[in-house]
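In order of appearance the chains are A, B, C, D and E, and numbering begins at 1 in each one.
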Amino acid sequence: MTGTQIRLNHIFGRDGKSVVVAMDHGLPGMFPLGHLADPASLLDAVAAGGADAILTTPGLARRFAPHIGKLGLIVRLDGGTTPIGDAPRSSSLIATPEDAMRLGADAVAVMGFCGTEDEGRSLATLGKVATECRALELPLMAEMLPLGFGAEPTVEEIALAARIAAEMGVDIVKTKFVGPQEAYRQVTETCFAPVLILGGSERELGQVTDTIGQAVAAGVAGVAMGRSVWRSSDVRGTVGAIVAALHGRAPYTRAENGVAPA
Amino acid sequence: MTGTQIRLNHIFGRDGKSVVVAMDHGLPGMFPLGHLADPASLLDAVAAGGADAILTTPGLARRFAPHIGKLGLIVRLDGGTTPIGDAPRSSSLIATPEDAMRLGADAVAVMGFCGTEDEGRSLATLGKVATECRALELPLMAEMLPLGFGAEPTVEEIALAARIAAEMGVDIVKTKFVGPQEAYRQVTETCFAPVLILGGSERELGQVTDTIGQAVAAGVAGVAMGRSVWRSSDVRGTVGAIVAALHGRAPYTRAENGVAPA
Amino acid sequence: MTGTQIRLNHIFGRDGKSVVVAMDHGLPGMFPLGHLADPASLLDAVAAGGADAILTTPGLARRFAPHIGKLGLIVRLDGGTTPIGDAPRSSSLIATPEDAMRLGADAVAVMGFCGTEDEGRSLATLGKVATECRALELPLMAEMLPLGFGAEPTVEEIALAARIAAEMGVDIVKTKFVGPQEAYRQVTETCFAPVLILGGSERELGQVTDTIGQAVAAGVAGVAMGRSVWRSSDVRGTVGAIVAALHGRAPYTRAENGVAPA
Amino acid sequence: MTGTQIRLNHIFGRDGKSVVVAMDHGLPGMFPLGHLADPASLLDAVAAGGADAILTTPGLARRFAPHIGKLGLIVRLDGGTTPIGDAPRSSSLIATPEDAMRLGADAVAVMGFCGTEDEGRSLATLGKVATECRALELPLMAEMLPLGFGAEPTVEEIALAARIAAEMGVDIVKTKFVGPQEAYRQVTETCFAPVLILGGSERELGQVTDTIGQAVAAGVAGVAMGRSVWRSSDVRGTVGAIVAALHGRAPYTRAENGVAPA
Amino acid sequence: MTGTQIRLNHIFGRDGKSVVVAMDHGLPGMFPLGHLADPASLLDAVAAGGADAILTTPGLARRFAPHIGKLGLIVRLDGGTTPIGDAPRSSSLIATPEDAMRLGADAVAVMGFCGTEDEGRSLATLGKVATECRALELPLMAEMLPLGFGAEPTVEEIALAARIAAEMGVDIVKTKFVGPQEAYRQVTETCFAPVLILGGSERELGQVTDTIGQAVAAGVAGVAMGRSVWRSSDVRGTVGAIVAALHGRAPYTRAENGVAPA
């Protein structure tokens, strides 16, 4: 497990927590892109804000490697649906663990749908990727979405989905946070992999940090958020505030990322 | 066959019998989890009770390796259906024999459905896994379920299914026990692989040990039980009683597992 | 072709003829099993009766290797349908040529359906297995069933199916015998691989040896029979009589199989 | 391209022309077989007649290698439909370029259907085989059939199909000849691979040589004919007359095939 | 990324721009072929006109390698639909990145359909090819067609599709140009791979150079045009004018292609 541990060290801080900025929205064709339209300056701001890692695509990682710097790199392996036309929604692998490893990834990410029509195929793909990752000692993040995108799952459904991912051997579970925080402990206590909560649609910073506070109290290990970051007018400030809320320290001080205190 | 034999030695006692505790229920999302919510302490109690082996998932095995200790390790390779939503039931491989071998497994397990709509695909998968296992000298347990989960197959149907598994080359057959015990001899006498009986839903310890007595008299080589163990309030005691019923010795005396007599 | 020839030597006598006892009926779940319920003693009797080879499954071969002795070993690679429940009939590969080679097989066997709904898939599988066998110099037996199990094909249909198998490169064709014997010569003369006739359902010994006489006169190279052998009360005697009918010598004298004359 | 050239030298004469005798009709179950029922003597007559090459199956090539002698060897890789029963027509690969290479083939052949229901799958298979052949430097013949077996395509449709094959990288196009010869030049001029015309159903020798005359004038590089050859009473004479018509020399003089002049 | 860069150098000039002449229309059976009927002289004229690269098929590249000379070589990997008959349209890979690499390709090209019924399969194939290309350091061109062939996508749909391709990791995006030029900047500014505009149906030279002027002003890196070139009466002149319009220099002066100034 040495390789797995070394790579997870690039994603999680010494406190076991992680702020991941999701920058993978261009792959499924999400518009408007906000600061994501200019990945180079966005990456600089994300690093300056003290984020631990980014979740992005093979193409973006490959093109903007110099701007990724010391940020942990999680590469998304699945995609396939666009908002153009009326094509039936579908998802498929567009890269492989071996490919991501070659690109320098510290981890890879795939979706895990439960309770949707596509559940069987989705979990089979998750299992296959998990198996390949184990062979490479490459950590795997599963984005577990009970009932699919946009659904409002119960905390029990989230707990089930998170545990299933852990049983398959994923190293990080990304899933939805739902209150109240006491109830959410059943998610973090039965899932034996760290849970990062997703951001979902764009929200105000106050709401975001408030949610982080509740989530940390419920045993969550971090966040993986995108739109609230790259659609904000002040990316560095937003990331810094999220870092402060999660890691419990003043923003702009991650000297190990080469960022001087503000 | 040396590798196969060495690995089977980790699962069966010198008397050719085995108490396997099934701990793979988190993968298909079975709740409530009882003591399975805390795998570390459950594994410690299972080992202390004198079990021979566990049947679990790649994720659980990987995360709790120190607590598995000298317990034989059987890794389940298939999964894929959850109780969330209305997704059509399906099953698929979520790991491979090679992957399980790398994790230190002594055997792997897959389902074998007979007489269900999915029979063709299920038996083809079983054959494929059996072939891969032979190449690795990794023992294979097939969980043969005539007519599927929750069905009430006849003893003739169980005998047929068990023999089919043996012809495919599986090393251990896990299947249902149905009385009367004299009739069940046709299962164990025509199946040329050892038969372990499954536990099914949670039952009282008295019922369990009673069934074990009948099954042993019918030629069965052991048990592979889960819910009756990890939902009981006294896991160590329950396992110890099952060990006593099967191996015919006093509970709590498996010194080779580092457990001192009670 | 050296490897192919050496392996075929283990199946055919120096007279180019072969008595193959089929013992693969447990795989598709055929019951009652007669002496096949106890493979060890059945194999001993088959060898003692002077048979050249057996056709069996990976599981049976692996478990009873000591009892196979000098009998030629043909391993069936396909299976998949059981008599349990109402599952749609299907057939698929449950092992591979490489796997059989590792088990010590002298040849492998697969079905070849012609004129059935499944024809396309069946012949594609036959071609694939034939290709893999050529790479390994492992002889291949195709069981050609025009119109499927239980059909009554004409001699022309049998001739067509047998020739198709030969064109694909199979080394042995197992197919049905239909009289009259003069007409059957078109099968053996246009098929440039040796033809073994199958036994089908259980028959009396007199009928069996009578058929063998006609078949040999029509150019057939041997038999591959199962139920008439392992359901008979005297397996050794039955095999001996078949050997005598085919090879034209007294039964019980295959000293090279370590069997003393009766 | 050295390997490709060396192998093509075994199929085409120094004049760039080739008489290929098709002997692959047993694979799809075409009856009656005429002289094809006895491949050994047919091959001897074909060689004696001065043919350049044969198109045959893996099984026939493997069994009658000594009789193939110096004849160029083109191995058909696809098959799968029989005239038995009512099975839906289908075609699939029954061997691979690597397998044919091992058998000593100078080229392989597959069908290319255009404008049929199966077009997409057929051209995908053709592309896959072409790719494998390039890796092995093994020449590929595509039998391009616009609108399928038995159709009457226009010369424009034949030209399109032939060019498509060339763009995919095939080395030899086998397709239908339709008059008038002036119009057919659009086929040979836009297809940048040599075109061999197929024979189709059995015809009289006079008709055959007449067609060859027209085809050569239209830029065709040879013929690939079967039934008109192996159903004729005088195979050697028929082949000799075709050779004379194509190569423009007296029959029976291919000393390099070890055949003395008549 | 050294291999990728070296190969891209063969396609783009030092000014980062590229004139690619598309010569892949024979694969899907487009007729009439104009000068494409005679690839050798067409290639000579294209090179003389100063083009940077060609987009063609494996077959054409292989057969006319001497005429390709120093032209950059982009090999199309997909095909499969013909105008013959009523076959359902389909597309599939007919070659692989490894195959193209062996042929000496500097890049490969595949289609990327968005918003069509086939979208899911198309983008999955694109992802698979992108992954294979990265392993080989072989540049990939994706031809992104929102809503399919012949559709009139909006500039927003083109921007989305182009960005999706970039996120998948393609190195060159070929797509449609639609005016007005100011609006088209959203395509080139959000797509972090160079954009080449396609030609579509045959047009007059004046129209073509006019479009190139607008496109360059909108940030486009070049053109990939076919019919307007190979159906023109003066190929060298047409290519020269396109080169002049794009690279902003006098036609006929690419001395590095061995072409003397006119």
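By definition in this document, a contact is a pair of C-beta atoms (placed from the backbone, for glycine too) under 8 Å apart; a residue touches a chain by one contact, two chains touch by 3 or more.
Because the structure is predicted, anything quoted here is derived from the model rather than measured.
Looking at chain A and chain B, no chain is in contact with each of them.
Homomeric contact chain C/chain D: same residue numbering on both sides for under half of the interface positions.
Centre-to-centre separation of chain A and chain D, using mean CA positions: 58 Å.
Inter-chain spacing, taken between the CA centroids of chain C and chain D, is 36 Å.
Distance between chain C and chain E, defined via averaged C-alpha coordinates, is recorded as 58 Å.
The set of chain E residues that touch two or more partner chains is empty.
Chain-to-chain contact here is organised cyclically: the chains close a single ring, every chain touching exactly two others. By the touch criterion stated above, chain E contacts chain A in their complex at residues 1, 114-120, 123-124, 126-128, 130-131, 134-135, 146-147, 153, 156-157, 159-161, 163-170, 189-190, 192-193.
Interface residues of chain D, counted against chain C in their complex, comprise 24, 26-29, 31, 33, 37, 39, 57-60, 62-64, 79-88, 90-96, 98-99, 102-103.
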